[in-house]
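What follows is chain A paired twice: with chain B in the first complex and chain C in the second.
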Partner chain A sequence: MAEAALRGLGSRQRSRRLFAAGMILVGGLGIVAAAAPWLTAYDPDAIVVPHYAGPLPPGGAHPLGTDTLGRDVWARLAYGARTSLFVGGLAMTLSLGIGVTVGLVGGYFGGAVDTALMWLVDLVLTMPTLLLLIVLATVLPPSLLTIPLVIGVVGWTTFARTVRGEVLSLRERDYLLAARALGASHARIIVRHLLPGVLPGVVVLAALGMSGAIGIDAGLSYLGLGVPLPTPSWGRMVSEVQTYFAVAPWLVVLPGVAVSLAVIGFNLVGYGLIDLLGERRG
Partner chain B sequence: MAACAVPLDPPPAGPAAGANETPRPGGTLRLGAAEDVHTLDPAIGYDTGSWAFEQMLFNTLVDYDDGTNIVPELAESWQVSPDGRRFAFTLRHGVHFSSGRVLAAGDVKYSLERLLRPALHSPGAEFFAGLDGVDDYVAGRVTEVRGITTPASDRVEFVLAAVDPLFLHKLAMPFASVVDREAVERAGDLGFRRQPVGTGAFTLAEWVEGQRMRLARNPLYFRSGLPYLDGIEVTVGLSDQLGWFKYQRGEIDISGVPSAEFARVVADPRYQPLLLERTTLRTQYLGLNCAMPPFDQAGVRQAFNMAVDKPRLLELIDGRGVVATTILPPDMPGYDASTPGYAFDPRAARARLEAAGLGQGFATTLWASRDEGSMRLAQSIQQDLRAIGVELALKPVDFPALIEAVRHPGMVPLFLLGWEADFPDPSNFLIVLLHSRSRGTNNNAFYASPAVDRLLDEAEPLLDPARRFRLFHEAEVRIMQDAPWVPLFHPVGFAIRHPRVRNYQLHPLRPSRVETVWLAG
Partner chain C sequence: MAAYLARRVLRALTTLLGTTLILFILVRVVPADPAVSIAGPKADPDTLAAIRKDLGLDDPLAMQYGRYLWRLAHGDLGRSYLTGRRVAEVIGERLRATSLLGLASLTVGFCLGMLIGIVTAARRGSAADVGVLIATLVGLSIPTFWLGNVLIYFFGYRLRWLPLGGYGTLRHLVLPAATLAIVELFFYARFVHTNVGGTLASDYIRTARAKGVPPLRLYFLHALRNALIPVVTLLGLDVAALMSGVTLTETVFNWPGLGRLAVQAVFSLDIPLLAGTVLFSAALVLVANLVVDLLYGVIDPRVTYG
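After this line comes the complex of A and B, so read on.
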């Protein structure tokens, strides 16, 4: 018994530490994104070398060198944080909005409504996501909004399923029966009583969804389908320079590391929250 | 930090070129290709990949020397009538198809009539539509083209409906290759794409689609002692980068040099003697759609000509070329350096935009191929235009989609494309790309000027080069004033050879020929 308690304590400390590490990474990302204009003197899209003769190595006026067009790599990385947060944030918000609504409505009303909505979830789940993403990204006009819309519209199913499961268990609680008996409207019950109940789980999903969206955006950008050029995006920064790996390895490594750190950061926050919230409830 | 770059490996080892080497027969030349060859039927192929191998398997009546001069090939000699409408060829004797049959004049006639058959859908048919009687033949009213006759088994005569100064150049295109009639009839038109039989220096030995192709020496080839090589082996599926790695490992004999490595390779004395370089008859350009506002105003188009920093674009392609100020490439016969271009002058460009009522700038879309090289050029142009207040959205598309899109009027306001000459003649740029009758095919700028059309129409049938070139020059001057294009640069071709490869040269108009290539010990 004592052993189990100790182990529990150890893992609780570990998850707090991991959560803290995640918050530091995410916070750092947020600061770089917000302060990008003050962190670099260069316009990330501007060609800053007077004559292009290959990428410049890190050092001097360009702390991380210049890319294969003669643009400042640090400026593009810093502004790229904005792109990642914008794309990830918008995609996640959209997924969250659709997913939570579908989950709440389906779980609360049950019956035919639920069956229809879950059928829709299954339909979206059976579609080959990457293929769908590529088709939509090709057909839609190039815009900063295209990719987050596409990721958001494809990625809401997990939110819907999780929220619905939670609602099914909340639905039979006494306070809900009381609210219904008192004649509260459906909308009031859903917004006032069910939504707060599913919120902790949604926060966790939001953090994980954010990391997923940033990863997918990097993947799509790598395939040349990301945000329109010349907007800096980490995935595109990797794909643009892959043939330069032997000549200028830093060009490939730096944005790759940035993507990894952002994804790891949001994942740590998400999993940390699962542990911490579970702890509070338990 | 520069030290963190991986050092450049040495080139593959092999015998250095010595003085007075004599060609050594034997060996297999190993080549790489990104994609499978589209077809080996010379009536069908219209791309560099197909042409490279068609010209190993087939011959034409006439061909080019190392440059752009016409020389005899299957023809021993020819006469042109004073009016320029009759061509009489005497065939070389003792030429055999690789099947063993002796070449006769009837084969030449058969090959061209096959090309002209509507059911074959040959993209080369248009080049021979000027032969007398083609209309009746195509309409099915007759079974032979009147303008092609065979007075003797070694004589072929052509009669043209109208004078065509380019007829010999058209006969030098791989479309006019002489095919073995019996082999075509055995394999069928579709089968012949995979089982070609010609008079060329090589024969097809094996073709595993998507993987490899092998060609073997044709022992019956009419030039005695040639080819030196026993065979050629092509590995399919090698991207530029992969081909370069395989070259460095000594696994292929000829490769391109990827952009990332170019500066290091050129600077490296170990590689320098292995580099091959050749100017080509190509122009890369930014096309402005004259049918779409605001590019219907010449002032806006001129402003774009002044706004693009061409020397920087050249830097972005590793300096592999020369800046273009005119439409015609410098090696084109009839090229005239006195054609006025536009100097890089963003301030003057702004003034032109203001004069056009667009001083506050505007937004438009540039379509370009989605490959990394084109995207770099497009982004550089995007920055140049931002400096004069024009916001360019980039539309990256696959190359076939780009070629298709630019043909639709009112669809593509700006596009990045290049053109490589089919023949060394100004008409191949000025008429094919800028005559109003070419709208819908290759005049993707939808440029239409009655004055220019008149000059081009007048120049087209002229046999006297001096008068012809003068009229083309006048047309080019007017076109540059109207500015439907921003000519960007004329690329130079580069390749690198394995040290054992001898006598491999790049050609200004065609893929490299390999019949005189040999491999040192």
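After this line comes the complex of A and C, so read on.
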């Protein structure tokens, strides 16, 4: 759905600017995640207040305050960036792997193989995504890998469709006919001749996949289905403290801002790339 | 036309059949014993055996699947393990709350979004253009559960204008509907903006303008009609998505709709209830797709059904 509304950012200059803004957000997120231990002196799971007297407001030794258990909020946010990138990255890689394979195979072979694969895509698209995710997350044993795997396994359909579309247009090119005439095997044609053709599009899909997976992970964590405790996760930070909204609004606001910035960043990179790549080709 | 319709319906039915198969497999994978779900963990073995026999859980899997399909074909979605009530009945009850929320948010979001999109479309490249883009980006990126909480804080807690959550009066509807409508609004605004803007730049509009077609007529009869086709597609899918329940928003506001019903069913391992809601929303999506396809022909007479 987001795809339809955000495609085409505008003029060349504006696309570049927005893409740059996205790269800054994503880069910042990456730096925070990588440098978390150096950016905060506190353990994200440790109780850091000597005498608990409710959550501390931002300021002083705790730049973003402390939460309802007396833990440092900035430390939890910074380490939460790791969780988000890990879950998003793994889910996106898996979705991309399945989606690109299905798209390449379906688009290249066509016929009954294509029909069967696209029926499968339709089937998964018809199921309510969030419910399917919740069911799988409940049924499978909880571990750090469960959530990224589940998001990845459910989220590949749009990737498959996009890649298939690109393959359908590449398939008719002369160089492919030449490869076939030279007697190249199907596997060779797909890997050596079709895959490089769809790669620029795949980079775009990867960025959009990250934004989607991070948003979904936040939603699942909010429902209590995220990565297992005590790993800090932004979605759960909201659900843990929402009853304290009246006394400590920053506890709810901050993790939501973090999720939003991450999703906006990856969206800008993805949609910016669509424009910049299209401009280079056109 | 009839052949086209028949083919589409057939395809929708095979997809639905696939959904039932996936559901059946998922249900079999769930480690919980349905008999224990019904009778409780302290039930004696005889009771459990009787329940199993009653549900036909000892029969071969193919037979169980066949029986499941047979019942579905007769409109029987089974009974909830926990309450023993008919699943179809429970879904029907929850559908009222869900459709109220869905229709309210969609009406506000779609109408306002269309309006903003149309008004800003004529001014491409202006500040309004950037404004709509940024707002859409933010609207589609912020988590709805978080937006809901922020709205509760301001309008429920600080200003005390509206209740914090729950269901019953019109006042209860405002905040959850607003949460959804905010996202919808920017989404449609940007989409209509881009589409109408693109149409306005096309040759036939220039020709019409040169011929002296009055601006309003040009706008609504010539441009809008052509720009509407993609909007209708999204609207159809959107209606289906909203009708099958918006899990996160319903959870935030304690709204007794289908989305929350499904989540409760998962957490209490109430399999028939869960399978019923999933199947219901899958069917909705398929129907919406079908309706959208047929609407194309109404909006754009050039579309032929081959």
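Criterion: the second predicted complex is superposed on the first by the 272 of 282 C-alpha atoms of A that agree within 3 Å, B and C clash if a C-alpha of one lies under 4 Å from a C-alpha of the other, contacts with A are read in each partner's own complex, and residues count from 1 in each chain.
Going forward, contacts are C-beta pairs under 8 Å (C-beta built on N, C-alpha and C of every residue); 3 or more make two chains touch, one makes a residue touch a chain.
Model, not experiment: these values are computed from the prediction.
Visitor: What does the overlay on chain A give for chain B and chain C, a clash or a fit?
Guide: Aligned on chain A, chain B and chain C fit with no clash.
Visitor: Using C-alpha centres only, what angle sits at chain A with arms pointing to chain B and chain C? Round to the nearest 10 degrees.
Guide: With chain A as the vertex, the angle is 60 degrees.
Visitor: Which partner does A:Ala41 contact after superposing on A: first (chain B), second (chain C), both, neither?
Guide: Touch status of A:Ala41: no partner.
Visitor: Touching A:Val113 in the superposition: chain B (first), chain C (second), both, neither?
Guide: Neither partner.
Visitor: Mind working out whether A:Glu240 is in touch with chain B, chain C, both or neither, as first, second, both or neither?
Guide: So A:Glu240 only meets chain B here.
Visitor: Of the two partners chain B and chain C, which one touches more residues belonging to chain A?
Guide: When the residues of chain A touched by each partner are counted, C comes out ahead.
Visitor: Of the partners chain B and chain C, which touch A:Ser260 in the superposed model: first, second, both, neither?
Guide: Touch status of A:Ser260: second partner only.
Visitor: Applying the document's definition of touch, where does A:Pro249 land relative to chain B and chain C: first, second, both, or neither?
Guide: Both chain B and chain C are touched by A:Pro249.
Visitor: Check the superposed model and tell me the shortest C-alpha distance between chain B and chain C, rounded to whole Å.
Guide: Least C-alpha distance: 5 Å.
Visitor: Just which bits of chain A does chain B share with chain C as contact spots?
Guide: The overlap between the chain B and chain C interfaces on chain A comprises residues 239, 245-246, 249.
Visitor: Where on chain B is chain A touching in the complex?
Guide: 1-2, 4-6, 240-241, 258-261, 263-264, 312, 315-316, 370, 372, 375-376, 378-380, 382-383, 393-396
Visitor: Tell me, which parts of chain A touch chain C in their complex?
Guide: 1-2, 4-11, 14, 119, 122-123, 125-128, 130-132, 134-136, 138-139, 211, 215, 218-219, 222-223, 235, 238-239, 242, 245-246, 249, 252-253, 255-256, 259-260, 263-264, 267-268
Visitor: Per the contact definition, I'd like the list of chain A residues that touch chain B in the complex.
Guide: 45-47, 51-54, 57-59, 65, 68-69, 142, 224, 228-230, 239-240, 243-250
Visitor: Which residues, counting only chain C, touch chain A once they are in their complex?
Guide: Answer in residue numbers: 14-16, 18-19, 22, 26, 29-31, 125, 129-130, 133, 136-138, 140-147, 149-150, 152-153, 157, 186-188, 190-191, 194, 230, 234, 237-238, 241, 244-245, 247-248, 251, 259, 262-263, 266-267, 269, 274, 277-278, 281-282, 285-286.
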